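One structure is given here, and the rest of the page talks about it.
Order as written gives the chain letters A, B and C; numbering starts at 1 within each chain.
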Amino acid sequence: MDRAFTTGLAIFALLLIAPMALELMGAGYLSGLLIKAMLLAIAAISLNLLIAHGGMVSLGHAAFVAVGAYAAAIALESGIENILVLLAITLAVTAAVALVTGALALRTSGVYFLMITLAFGQMIFFTLSSLAAYGGDDGLTLWSLATLWGSDVVQNGSGLYFVILATMIAAWWGVHRISEARFGRVLRAARDNPQRTAIMGYNVKRYQLVAYVIAAMIAGVSGLLTMQHAEFVSPALAAWQRSGDLIVVVVLGGLSSRNGAILGAFFIVLAEEILSQFLHEWRLLYGPLLVVMVLYAKGGLSDLLSRPAKA
Amino acid sequence: MLELRNLNKRFGALQVTRDVSVSVSATTCHALIGPNGAGKTTLIHQISGVLQPDSGEIMLDGRNLLPLSMDQRAQAGLSRTFQITSVLPSFSVLENVAIAVQAKSGSSMRFLRRAARETALNARAMEILTRIDLVDRAHMRAGDLSHGELRLVELALALAGEPKLLLLDEPMAGLGQRESARLIDFLGSLKGHIPMLLVEHDMDAIFKLSDSVSVLVDGAVVATGTPQQIREDPITRAAYLGEDTV
Amino acid sequence: MSLTLFLILVLNGIQYGILLFLIAAGLTLVFGVMGFINLAHGVQYMVGAYLVFAFYSMTGSFGLAMVLSLVTALAFGLFLEFFIFRHLYERSHLDQVLATFGIIIFLNELAKVVFGPTTLSIDPPEFLSGSVQLTEQLRYPVYRFATIIAGLVVAAALFAIVSYTRVGMLIRAGATSPEIVSALGVNIKRLFMIVFGVGAMLAGLAGVIAAPIFAIEPGMGDNILIVAFVVIITGGIGSIGGAFVAALLVGLIDTLGRSLSVELLSAVFSPSVANQIGPALASMLIYVLMAAILIFRPKGLLPARGVA
């Protein structure tokens, strides 16, 4: 059992008892903040697979969160209520979009890949904005939510918090297993030296595409749960600034750490909450903080927290 | 085993490969020599799939390589080392070789089992490392190794896939006397077991290892023969005038 | 669609394209010569717009305000280069994205704090107000026309400098082989500073020019920045000529697309539907263009080949 694993378990244990503890302290509303952080963490975990293991920096990843949210919302509006069916739809739709955009994007690399993922993200943003029947620019408020075979256990005020926590744990575990398996090893080899990896006999693009699709699907699930929690979807979910935010979360948390994405997400959400209490214009601090971090704290939070042992 | 027929390649106005034909039979080591800029590495790039020739044929064991991508050629049995060391710096030496072994050991679209624990892959990797005497570096990060050690890792990676043919692009590049001798010995042990196409400047190696030699000047083959014949060939001597004497 | 309307759209498209060129020129040089992804280039544009607003309010003279704004924009750009960007040239693109992202966040917030979150506007200067009669039916605002002329002049000057002067040659060389330029003993730091400063000033100029036409608001640089990236990718990174052609292309496609799309879609769908889908689909057009370029002609339309 290594350090990173136990740190992860500790975080999950804390999150498990948090709702009850917060309720006792009379701060039950803070559960909402934790949910926000967990939803962000799920998307960040998926991006971590791409950036840290695949070496693929995408500036359009938030679009998949949006695609997932909208796929579920539209299905819901069409009468499909069962969350498991919605899950299947979300996975299928995000996978399809990722397959097409990924195959095209992977014909480029480096900064061109960055740009083309940005372009696709924008295309998705504008497509969602044009869905007049589903609110267009203003977004769509959902009047009924997903259920689990009729039960509202997967809704706010009931079990949604735990569903999201379980999903986050599953994503955390899943991405880690994938990265340690043969697939992940090839992905990281390609990140290190794509030509050498190809010469060894690996079809690098194929592995990268699969990683891209897997990451998109996980992000899509984050979108589904976001819809369920916020009871609202809007094209803003796909804004390129959101993709930028995701990159910040992943790097801030620490690229080489197993828990980086989760740490980054919680830090960002909590910091924003706390800072905004003191200073309405907290972004005046946040911006320079990012710059300072890039210039001086390369390994991110997990590096700062666990020197010298690498988490 | 390897047949190059009438290969041609040009970059704009520069013809880098002129009607090159080379043959490497299944039990031999064939050397490719020539002055700098002759087009030797470019030729290796074309055989391994890094570059595409404009015309000509490349056959490996009777199979046409031209429609195949880099990775497909590797799967077909081709293996190469790079003149400028190209390994996976963030992995350990053992993992580097294990990953190369993995490429030929079934599908890598596996998502659950920990690859680092696959004993078959590790055993095979260790076997190779033992043969080239790199075992004590097995767990070191590849990026931290010395130049000489990295040339050995290059070779280990090329051997890992149990290739049908080995393309060696200046394996001795940058090595000192002792390291070169060690490598020559090792390659000597491979002779007869694996056919090789060896690009080298080191004449000692050429003599000790190769059964036949092709001389490449300005992209074209100007002479072919045994090492002894090439040494006495006037065209080759002229081409090397001012460089290492043959 | 009448011919007059079409011509107006074309002129607007050219004008938008010129604006994009001014922003993209700096961006493409900085990226081409220094390999530096500057997401904060958009805020230079915003800074230019706010500066001219501030100076115009203070001095009452547009000309003076423009000069002051350009000087300040240049100084600001050099300030950023010296204290922050200089340390990022050697870093990965990921780090550059993050740091410049932080700068965008900070400056957008600062704009909100100093000038307020609402949209501001200024009128074009007196001597450039009114409309000019171009054809029998076509009247076009003088100011917009002037910006097209001004933009073309700047483009020509830029092209001349890059093609015919020594500094320009170094810039072109730097765009294709920065290591060689450095190895030749050229003071690379000073070259970078010049390139960056000029780029920042051009973006600021674009902001100054745009101020009387578009809304001045925090975050105004963000979306035009993305379009600028589309321009430089389409034109070819490091290429001034490419940026010019691509900027006009993008400007025309975007402007014409927005209006024509509704027309074309109306033929198939009901007018209200067409009105809603049209602009959104039109917004996608330029991204489709960029994606196509990246896939079929990744070096861009007019790649930098030592020739601007």
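Going forward, contacts are C-beta pairs under 8 Å (C-beta built on N, C-alpha and C of every residue); 3 or more make two chains touch, one makes a residue touch a chain.
Everything numeric here is computed off the predicted structure, so don't read it as measured data.
Undergrad: Compute per-chain Cα centres, compare each with the mean of all protein Cα atoms, and return the closest chain.
TA: The most central chain, going by mean C-alpha position, is A.
Undergrad: Given the contact rule stated at the top, which pair of chains has the most C-beta pairs in contact?
TA: A-C
Undergrad: In angstrom, rounded to a whole number, how far apart do the mean CA points of subunit A and subunit B lie?
TA: 43
Undergrad: How far is the middle of subunit A from the middle of subunit C, if each middle is the mean of its Cα atoms, in Å?
TA: 32
Undergrad: Could you work out how far the Cα centre of subunit B sits from that of subunit C, in whole Å?
TA: 50
Undergrad: Residues of subunit A that touch two or more other chains: which are they?
TA: None at all.
Undergrad: By residue number and range, which residues of subunit C touch two or more other chains?
TA: Within subunit C, no residue contacts more than one other chain.
Undergrad: Mind pulling the subunit B residues that touch 2 or more other chains?
TA: Correct list: empty.
Undergrad: Where on subunit B does subunit A make contact in their complex?
TA: It is residues 48, 50, 69-72, 74-75, 79-80, 82, 86-91, 95, 99-100, 102-104, 107-116, 118, 157, 160-161 of subunit B that touch subunit A.
Undergrad: Tell me, which parts of subunit A touch subunit C in their complex?
TA: 51, 57, 59, 104, 107-108, 110-112, 114-116, 118-120, 122-123, 126-127, 129-130, 132, 136, 240-241, 244, 247-248, 251, 281, 283-284, 286-291, 293-295, 298
Undergrad: Considering the complex alone, what residue numbers of subunit C touch subunit A?
TA: Where subunit C meets subunit A, its residues are 37, 39, 84, 87-88, 91, 93-95, 97-99, 101-110, 112-113, 222, 226, 229-230, 233, 273, 276-277, 279-281, 283-284, 287-288, 290-291, 294-295, 298.
Undergrad: Once bound in the complex, which stretches of subunit A touch subunit B?
TA: 177-178, 180-186, 188-189, 192-193, 195-204, 207, 210
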